Amino acid sequence: MSNQVEEFNAYRAKMNDKLLQDNNKIIKRIFNLDTNAFAAGALDVKTKELLGLVASTVLRCDDCVKYHLESSYKEGVSKEEIMETLGIATLVGGTIVIPHLRRAYEYWEELENTEG
Amino acid sequence: MSNQVEEFNAYRAKMNDKLLQDNNKIIKRIFNLDTNAFAAGALDVKTKELLGLVASTVLRCDDCVKYHLESSYKEGVSKEEIMETLGIATLVGGTIVIPHLRRAYEYWEELENTEG
Amino acid sequence: MSNQVEEFNAYRAKMNDKLLQDNNKIIKRIFNLDTNAFAAGALDVKTKELLGLVASTVLRCDDCVKYHLESSYKEGVSKEEIMETLGIATLVGGTIVIPHLRRAYEYWEELENTEG
Amino acid sequence: MSNQVEEFNAYRAKMNDKLLQDNNKIIKRIFNLDTNAFAAGALDVKTKELLGLVASTVLRCDDCVKYHLESSYKEGVSKEEIMETLGIATLVGGTIVIPHLRRAYEYWEELENTEG
Amino acid sequence: MSNQVEEFNAYRAKMNDKLLQDNNKIIKRIFNLDTNAFAAGALDVKTKELLGLVASTVLRCDDCVKYHLESSYKEGVSKEEIMETLGIATLVGGTIVIPHLRRAYEYWEELENTEG
Amino acid sequence: MSNQVEEFNAYRAKMNDKLLQDNNKIIKRIFNLDTNAFAAGALDVKTKELLGLVASTVLRCDDCVKYHLESSYKEGVSKEEIMETLGIATLVGGTIVIPHLRRAYEYWEELENTEG
């Protein structure tokens, strides 16, 4: 894995573990719900990942964007589909989204350059 | 059409007309882009409408939610698909989204009750 | 009850019922968590209600503000405590909070004028 | 004055009075600062009103937008200047700003139709 | 002090000094108000710090979160109380708060590991 | 140029190039609009840059703030005018803007220290 992808995942995993071991019931259940909400239902997993991506982008949460880019990548979403999703996010959320777009694009490239 | 749906569309159409006749180039082009961004591309129209819906919901824009609910309704999106989209929005955006959820649900019901 | 308090509660109860009967698992669980998060724990109920109030105010969610004003009122929070909480919200969130402050103040007055 | 302008100002004045009489020091001082921040300095009053307008619009605060539209109107700002300011707001803040644009445009029309 | 705590405080102090020496009246007074708003009143200092913490967390301001974590730590707030406050913030503000939760948790650990 | 200014511009240019070469029509047009919106019209370039600065600051977008600080600097905006603009942003947007104020002030200093 590329440095950026690896670092993001390592920090995320380490701190999520700590948060969950802390045993705050509300936080644990929200983490749990997160897994449930993106599972297949009336909508398939790929569509849900794109919903998560666009929501994260308009709310300008870089870490959330990275997370959904990676899940989308693993689901086989194409770069063109990602770009259309990010295009909608930029239109709806405005030019303040652009700095996050730059970082999202870079992260996607790193995901593509990551082999095994 | 129900009262709420009708009123929303009438006010929206009237004021959009005025805004566009005002001839501010930036505003006109943004309106134009909005039409383009939700047209079929790598992603189909239905998926794009749901992306618009989830973005509008987490940004807590009632009028944008109504607009995308109506477009989704016309695209044949099912209520279950709408609810899964709104569920993701509420999880990502938090309980402050709930008041918008109540109004979205009511608007969807009015769309369903509207015949002809 | 005053008109405003009554209307808010009636609409809220009616639409919450509909949302919950719709059986979307994510939305139902988030509603459930909401009840849990504000129950007594390391922090008492009154403190938690004020936390909910300040969070709702800086996020500028009028309905959430009304809800936490009413719960705070029932917990015996004094007007002075409410005002200090709203003062912090206005300082942290800026003058865009002021319109919500006006509506919060009016709602609190209606709560106080409500007897039985 | 038109109905909408009159109603907005009446409610705003009534509730601001109540808030200020309540004697919360933080809230009183923030109200005070608001008057100071928009007074002439290195930048003139008109420029500052447009800064207030664009900030209010991207933060999607209808009442703040109305307030700055009215102050701008009294400072002799032209409709074209208002539209360029709102155009920047819509570009920076995205299409979720558009519903606020519709209401801003309507309010500006009412200000123009108000004679004495 | 740990590296992260030390660095945050050093940069914050250095830049605040510069901002205050610049003599912009509005900015100076807002800094002043900040000190006043969190002083004991109808609510005690600890409660006010938690109000500041929850507001900063839902508004996703990492530096503000760090500041209130440190003040809370000095006031003797327990980790369990911090976690309940952050739990409410995550529920109200949604899963986009989680990346800030990870950083908050890490900062709190550094505060606890700091002796003298 | 100072390190910070240089790094920001290099990364921004590199990633903007990639985004534009990707040929997503929506994103390309939004980039285009951005150039148009800040060109002279009824309002002059300097005023528009300050509008862009205050909008970016209240929306707490550090990269957008840096961009408008640099354009303002090139337009000959004085430090006092910048500070009045940032003062309004802090009042309207609240104390959560302050961390962005610290970074903006530092960036402005770097712009001033940059000679040829």
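A, B, C, D, E and F are the chain letters, set down in written order, and residue numbers restart from 1 in every chain.
Methods note: a residue touches a chain if its C-beta (ideal position, glycine included) is under 8 Å from a C-beta of that chain, and two chains touch if they have at least 3 such contacts.
Quick caveat, the model's predicted, so the values are computed rather than measured.
Undergrad: On the document's contact criterion, could you list the chains that touch chain B and likewise touch chain C?
TA: Common contact partners of chain B and chain C, which must touch each of the two, are A, D, E, F.
Undergrad: For the homomeric pair chain C and chain F, should the interface be classed as same or different, according to whether the shared residue numbers exceed half of all numbers used?
TA: same
Undergrad: Higher C-beta contact count, A-F or D-E?
TA: A-F
Undergrad: Which integer distance in Å separates the CA centroid of chain A from that of chain D?
TA: Inter-chain centre distance comes to 37 Å.
Undergrad: Report the inter-centroid distance (CA atoms only) between chain D and chain F in whole Å.
TA: 23
Undergrad: At what distance in angstrom does the C-alpha mean of chain D lie from that of chain B?
TA: 27
Undergrad: Among all residues of chain D, which ones touch two or more of the remaining chains?
TA: Expected reply: 25-26, 30, 33-34, 37, 55-56, 58-59, 64, 83-84, 87-88, 90-93, 95-96.
Undergrad: Can the chain contact pattern be summarised as a line, a ring, a star, a complete graph, or none of these (other)?
TA: complete
Undergrad: Note which residues of chain A are touching chain C in the complex, please.
TA: Touching chain C: residues 25-26, 29-30, 33, 36-37 of chain A.
Undergrad: Can you list the residues on chain A that touch chain D in the complex?
TA: 58, 90-97
Undergrad: Of all residues in chain E, which touch chain F in the complex?
TA: 11-12, 15-16, 18-19, 22, 24-27, 30-31, 34, 55-56, 59, 61-64
Undergrad: For a test of understanding, state which residues of chain C touch chain E in their complex under the given definition.
TA: Result: residues 30, 33-34, 37-38, 41-43, 47-48, 50-52, 54-56, 58-59, 64, 78, 80-81, 83-85, 87-89, 91-93 of chain C touch chain E.
Undergrad: Spell out the part of chain A that touches chain F in their complex, as residue ranges.
TA: Counting only chain A, the residues touching chain F are 60, 79, 83-84, 86-88, 90-91, 95-96, 98-99, 101-103, 105-106, 109.
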